[in-house]
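Okay, handing you the structure first.
In order of appearance the chains are A, B and C, and numbering begins at 1 in each one.
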Amino acid sequence: MSINNKINVEQIKLSVENLDLFYGNNHALKKINIQIPANQITAFIGPSGCGKSSLLKCLNRMNDLISNIKITGQITVDNENIYDRKQDVTQLRRKVGMVFQKPNPFPKSIFDNVAYGIRIAGIKDKEKINNIVENSLKRVGLWKEVENRLQDSAMSLSGGQAQRLCIARTIATHPDVILMDEPTSALDPISTQVIEELILELKESYTVVIVTHNMQQAARISDITSFFYLGELVEVNPTNKIFTTPENKLTEKYITGRFG
Amino acid sequence: MLKVEKSVLELRKTLEEMTDIVISIVDTIRTCIKKENFETLEFVFQQDRHIDDLEKKIDQQAVALLALINPMASDLRFVFSVVKLNSDLERIGDECKNVAKELKTLEPPIPEDLKILADKVYEMVKDAVNALLNQNSALAQEIILKDDEVDKLEYSIQKKYSNSIGIAFAAKALERIADHTTNISENVVFATEGIDIRHENSIMNRLGKSDK
Amino acid sequence: MVKTKIYNLIGYTIIGFLCVSTILPIIAMILFIFSKGISRINYEFLFTVSSSMETGGIFAPIYGTIFLTFITMLIAVPIGVMSATYMSEYTKKGKLFYLLELTIVNLAGIPSVVYGLFGLGIFVLLLKIGISILAGALTMGVLILPLIITVSYQSLQAVSENIREASYALGASRLQTVVKVILPTATPGILTGIILATARVAGETAPILFTAAAYYLPSLPSSVFDKTMLLSYHLFAISTQVVGVSDEQKYGVTFVLISVVLILNLLAILIRDKISKKLGVHK
């Protein structure tokens, strides 16, 4: 257990500046400022409707799919404004991948699922695709379980396997950042543990941002925890600090379960 | 390796740093008494600061582990026992300082009884640390039994040398070190077997309870 | 407890009885036609082009029906599926969308004979295609479009939002998402629509009455611009217009017509199941 009470700000991967987000008249995120360091796991926690998922979806512009949304402020990935007009959204989403709450494999074969991202990116070389698929499946520890049935439908996988497949599918496109929206909330405890260990391994190569309802999960795996409440960022601190001596009274209340 | 295993391992590493120092200072005390040569006693005082820092570090790590990892069952008992025996280790350091202070007031020759006592206490500390790091409950139980011998020996020294405050105090401090090793041992038994053997009337009762 | 059991028993009995009463007529009808017509079925009846209406082989109408159905599908399926895709994936749910929806619902409610007259007016006369398989297929196409669109639209809408998100999150454009993920996923459902439409085309009489059907032809149609004999119209003709056709002949034709429809359905169901299995979706 490394004791770490200061955020290491040497290498900032993602930076959110003065972000406001409106769904119609609903002011869902208010003046958010947060910096997300590279190769660390940053967790967003807070009660339902606090805006944590909305913020996550801003980071790879998945919010673009929602109509009636207005976003002001700036988000930069590697110092490039992702809401810039010149920004190619498909490129951005390859760089900033996303794993969802429910395992959502395509109704295609296991192989085709992992190959999807690279194929649509225009890679046609069969050998290259094979290699990437194999490496991605190995990276998530799924290769041994599926190597003999790559052509089977991905729908035949268990929930935990399907979620690892989704992670493999995301890393196949070589992202820098992986966003995770409650990635284990639909899984049983054992699968959850497997995914958590996987996330811990992933941080060596990727910057991970995870939204979770499960405070213990944030505690177990994240380096930095940010607490959101009613669309505001209440506190960002190293996870150890947040869970032992939070600075803000609201954070303390939430973490000790004395909310509301 | 699981995150909980990694974190417990890190805690163990800090703990080992601590026990290494504790053994080395108890060893210094023993050698000084045996050789009736107090030149190296300064080492005991030098290490004090170090031990204090490590005590804090162990507590911080343990709290973080409890807060973030939520260890369960054997992991939980281990962390809990470490929190408790941590202060015993630090107190052993303090008692060593007390012995050293008293020794400085003494002139050789040192009574044979005190040498035996120092030897016994050193063995107990070594065994307790051994039991702790290997989570060896049987060894921990042996140490608890040995505590009576030390008590008797110390009592006889107190009687024999009631005129020499230095010797009496040193003996008393050594006896306290033995008490701390008993506490450590009790915690080892708790960590390994989950049985609380404190505050039982007789030693046999205590160990009888720990007989599964 | 006993009371509950009795109620249960009564309930199940009623439901069972109702179930049987829906299946029974179909089975009875098939059995009836089968028993009356089977004796007429032989190689010569099925695979020769007859020189007379009253007796002889009915290969010409069988061939015509399959030909027309095939051309109809060729026209209607792409248009229908693309319309459904547009409605489901591209247009926002605004005024245009509701207008489209309304149009489709209304189209579905129009009597089939009106389609026939419409086909005659537009395709045969105005566009000067003449009475031909093409004109018939276009007319039939219009008739089944609402069915294909509605069913396809529903199966596209049934594709989980999660899958769309997953595709976009991997950097796919909208077109890539539609072509590579959404349409393949909706395929079993779309095929169901096509199955229904196929059966409808093979069996409909009124729309081809004025647009494609020939009363009698001694030879097979050689292109889409030819008239053709069709099973449904042939059956209509020999049952009502021609004197001296044996009952056996009529039932034989009926049997073949039903068989063609059933075989087309079966084929489509098999294809759909195979695709479903491959996708791992159970329908």
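One rule holds for everything that comes next: contacts are C-beta pairs under 8 Å (C-beta built on N, C-alpha and C of every residue); 3 or more make two chains touch, one makes a residue touch a chain.
A quick note: this is a predicted structure, and the numbers were derived from the prediction, not measured.
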Chain contact graph, described as a line, ring, star, complete graph or other shape: line
Pair of chains with maximal C-beta contact number: A-C
Separation of subunit B from subunit C, taking each centre as the mean of its C-alpha atoms, in whole Å: 89
Mean-CA-position distance for subunit C and subunit A (Å): 47
Subunit A - residues contacting subunit C, complex: 60, 62, 65, 67, 90-94, 97-98, 100, 102, 104-108, 116-117, 120-121, 152-156, 166, 169-170, 173
Touch list for subunit C against partner subunit A, complex: 92, 160, 162-173, 176, 180-181, 184-185, 277-281
Residue ranges of subunit B touching subunit A (in the complex, touch as defined): 2-3, 7, 10-11, 57, 60-61, 63-65, 67-70
Residues of subunit A touching subunit B in the complex: 1-3, 193, 196-197, 200, 216, 219-221, 239-240, 243-244
